[in-house]
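Structure first, commentary second.
Labels A, B and C are assigned to the chains in the order they are written; within every chain, residues are numbered from 1.
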Amino acid sequence: MTAVAPAAHAPAVGWHHRHLIDVDVVTWPEIELIMRTTDEMKGILARPIRKVPALNGRRVTTLFYEASTRTRVSFETAARNLSADVVSISTATSSVTKGESLVDTVRTLEALGAEILVMRHAVSGAPYLAAEVFGGHVLNGGDGWHAHPTQALLDLYTMRENLPGGDLRGRKVAIVGDILHSRVARSNIWTLTAAGADLWLCGPATLLRGMDRWAAAWSGGAIPGHGRFNVTSDIDAALRDADVVMGLRIQRERMQGGLLPSLREYAARFQLNAERVSLAKPDAIVMHPGPMNEGVEIAPDVAISGRSVITDQVANGVAVRMALLYLLAGAHEAARGEAAR
Amino acid sequence: MTDRQIMTGDEIRRAIVRISHEIVEKQAGTKGLALVGIQRRGVPLARRIADAIEEHEGMRLPVGALDITFYRDDLSLVAEQPMVKGTDLPFDLNGATVVLVDDVLYTGRTIRCAMDALIDFGRPRAIRLAVLIDRGHRELPIRADHVGKNVPTSREEIVHVHVAEFDEVDEVSIARQLPASDASGAGDR
Amino acid sequence: MTATGPMIGETVERFELEKAWLVDPVSGREGPGEIVVTDGILESVVWLEGEEAAGVTDKGVVVAPGLFDLHAHFREPGFEDAETVATGSAAAAHGGFTTVALMPNTSPAVDDPGVVERIRSAARASGSPIEVLAYGAVSAGRAGEQLSAMGELADAGVVGYSDDGAPVKTPKLLRSALLYAGMLGLPIVDHAEDAELTAGAEAHEGYVASVMGLAGWPTAGEVNAVARDLAVLADALGDQPAARLHLTHVSTAAALDLVRRARAAGLPVTCDVTPHHLAFTDEWIAGARRWAWDAIDADGTPRDPWADGVLKAGPYNTSLRVNPPLRTAADAAACLAALLDGTADAVATDHAPHTVVDKEVEFGRAANGISGIETALGILLSLVDAGRLPLARAVAALTTGPAAVAAASTGTAGTSAARPRGLTEGAPADLVVFDRADRWRVTPEALLSRGKNSPLIGREVPGRVLLTIAGGRLAYEDPEAGSD
């Protein structure tokens, strides 16, 4: 961790979001604030005692409706590093299987002292429902196909760590895989277009449905603070001269749903293997949100190659989540009145 | 709302020179000493003290910066001031005699946080405290070993320390607090 | 306006209204006028002229014939937590409706006369004077396999047949139904949906669903089904010239276009559009709350809610989950155009109340439906206020339009449904009085329906209903009705 000189003229950006459910409401200065706070959190992780008392006595509850050990453990580690008390609910063993509604579960958890609720759910939009009935802060750990804000932010942080000057403007980022069903892709669209990157989304036509229309809507710079992006099924065009190559998981269910002929065919045409990745820049990095299906969307040798920063993503994930838990916990009282967004 | 100047640039300079002598006197030398400035304005003050000690003892003491943002017990400030300024301790704390340096000593809470933070980094042999201004109203049993100036104040007043490194001038002034602002705001030390 | 006095359900002994704006869609006349109701009969309708008419505009108190809803769900029998015939009738009257045709997706389904009778007795027991009509199911149990007891249902007085909630399952079944129902002189009312294309869908397949990560409901899901229905109808006509098809809640520009062309070619098909498809769009799911006509450019391109900064409400509000889904602003404009050019004869509410249990869940798990019978008039008046729809056309869409759709029915109930809806001297009073100069706030308490699943909660809509009289009896009176 390099010496940090007092940031004499840093802009005074505060944090006023009571929840973080989607990155669509986060402005670029706020993203910069998250990045700087993550720098500090990484510093804490480098210390002999990797813990600070910032969230001492606060209760962080993880409510995961979808099984996910890695993400849940990442959030819990982040919470513990800030000295928070952690409670984990994974629905396989809870009353949810007895048919308890989301609203009732959230109210119960609040009565049990939950202050920050980290949620993962299979249905898009579920965290907004939780936020409507929850008096504390909701941090979205992934909802359906919609959003995965902490993933997009840790992806952004990792890219900035590996690109000169930490500047993504004009840098080509290729995301390859099942874009249609990917909350990681959707959140990355918001953050990377805000960062000024040259974003390319690539996958088979059946898994890109609707993305063309989205790209067309944004092509004229219609959304303030966000640029355009590209959608293609031509993997060579997507990867050529890319600075960042990101693979997304392909799920077996897509085959059953009639969207893919076979995983073998996907691998033959879209797998990130050494040959394809060599189309990217020589110092391009390879990323993946995990867990990986090695041999399907990514070749095993590429996953562990020198260009791969996949394990950095995991480490950065803890730091980003520490930063967000810290910022949310301190969110201004005034923010409590706003409509859950 | 007029600011009342209570220390000029020259007075600050003299106080720093005096404090630097006191620190060395108390230690009977410079051995084992290290200066740690508390972000933000404690940091340039710590540097100036180190400069003064170097001048009269010929010895450059290690200087570090300590950010206590994550050790505060009150998160309500995060919304307005989440900006973290950075901790840098480029020396081994274990066995060192650390002199914490801050601009204003008030309730003592900042110093308590600073001691917690410091101890997470290592085990100093001793911790001492040097402040430019002691304005009274302690809420914790904390006292400074070295004080630039004792200034009795009321709770409605704010002490502003300006240092050339950030503020273009060196001076200390007192202002009456505007009624609308939260009394537990930036001034709470 | 003099105080009326009677309780709900009692004959209105005397009611006089001076200097109001009368709209009579049967004669096509509208203008300043006065009415007198005596012992439940609309004794006099006087059109004012010259000086007497001075100062009376169509922006104040309006009198129209009682409204007719071609498509509503009152959930009884089987789902009384969501609504009953009694609460639904009260809601209908609050909305200015005096006749409602109920869909048969109850439990048990209305597939035999016994269930029709249960609904009728519930209507009688409610004490409400609202005329409650019923559709029979097309298939036994709405299972889509065998025809229901259509003849017996006709004898019991149903006004048509529908498997609504679901489409008529197969082309073959639809063909048989059209032939059989045609023989009985009653229409088939189809909820046109290709269930294979729409399986798992959450929201209209478009830009908003793509951004919000919602499973898309393709336009083809409606267009396919409408095309199928029209083709089957064309064939069926060869065997049964009296076959008639009504397509309910058509929502896409493409499907409306198919209906337009089929009608031009002489096919006996009618359709209705809902108030929510006229006024709300899929961008409401993202949190926008502007009317559909404000969400579209002059060249017919829907505006981008993320670009315009109009996302004021929380996203994924389940009161917006409906079948067919809310579509784009261009589709909404097409619904309005269809109403204006007569492709759509009527506006029908598809009033679909749901309990909190069924709606206070994740968007993709919420039941489909909007509780809309009380806000339908307010929505149409918003269109009138915006200059998009003439007042007379709005009234016709809710009175003579539905009556025309019901007109092919030859059963006794059908005749009743098709009775002329005008301001006719000497006929039993069947009318609604509303004040365009006044607005009312839609709240769970203000809604008389058990279904509080309305996207307009918290919002004010124009046109406070002051009085509804059905068949000469009081159906609804505004609690704060003061003097003019």
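By definition in this document, a contact is a pair of C-beta atoms (placed from the backbone, for glycine too) under 8 Å apart; a residue touches a chain by one contact, two chains touch by 3 or more.
Just so it is clear, the structure is predicted and the values come from calculations on it, not from any experiment.
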{"item": "Most centrally placed chain, judged by C-alpha centres", "value": "A"}
{"item": "Taking each chain's C-alpha mean as its centre, the one farthest from subunit A", "value": "C"}
{"item": "Subunit B and subunit C: spacing of chain centres that average the CA atoms, whole Å", "value": "73"}
{"item": "Whole-Å gap between the CA centroids of subunit A and subunit B", "value": "39"}
{"item": "Subunit A-subunit C separation of Cα centroids, rounded to whole Å", "value": "44"}
{"item": "Numbers and ranges of subunit B residues touching at least 2 other chains", "value": "none"}
{"item": "Touching two or more other chains - residues of subunit A", "value": "none"}
{"item": "Touching residues on subunit A, where the partner in the complex is subunit B", "value": "3-8, 10, 12-16, 33, 36-37, 40, 43-44, 47-49, 51-56, 82, 326-327, 329-335"}
{"item": "Partner subunit A, residues of subunit C touching it in the complex", "value": "202, 205-207, 209-216, 287, 304, 306-307, 309, 311-316, 318, 357, 360-365"}
{"item": "Complex contacts: residues of subunit B adjacent to subunit A", "value": "39-40, 43, 65, 67, 69-73, 75-88, 90, 116-117, 120-122, 165-166"}
{"item": "Contact set on subunit A toward subunit C in their complex", "value": "24, 101-103, 121, 123-126, 128-129, 131-132, 143-147, 183, 186, 209-211, 213-214, 217, 222-224, 339-341"}
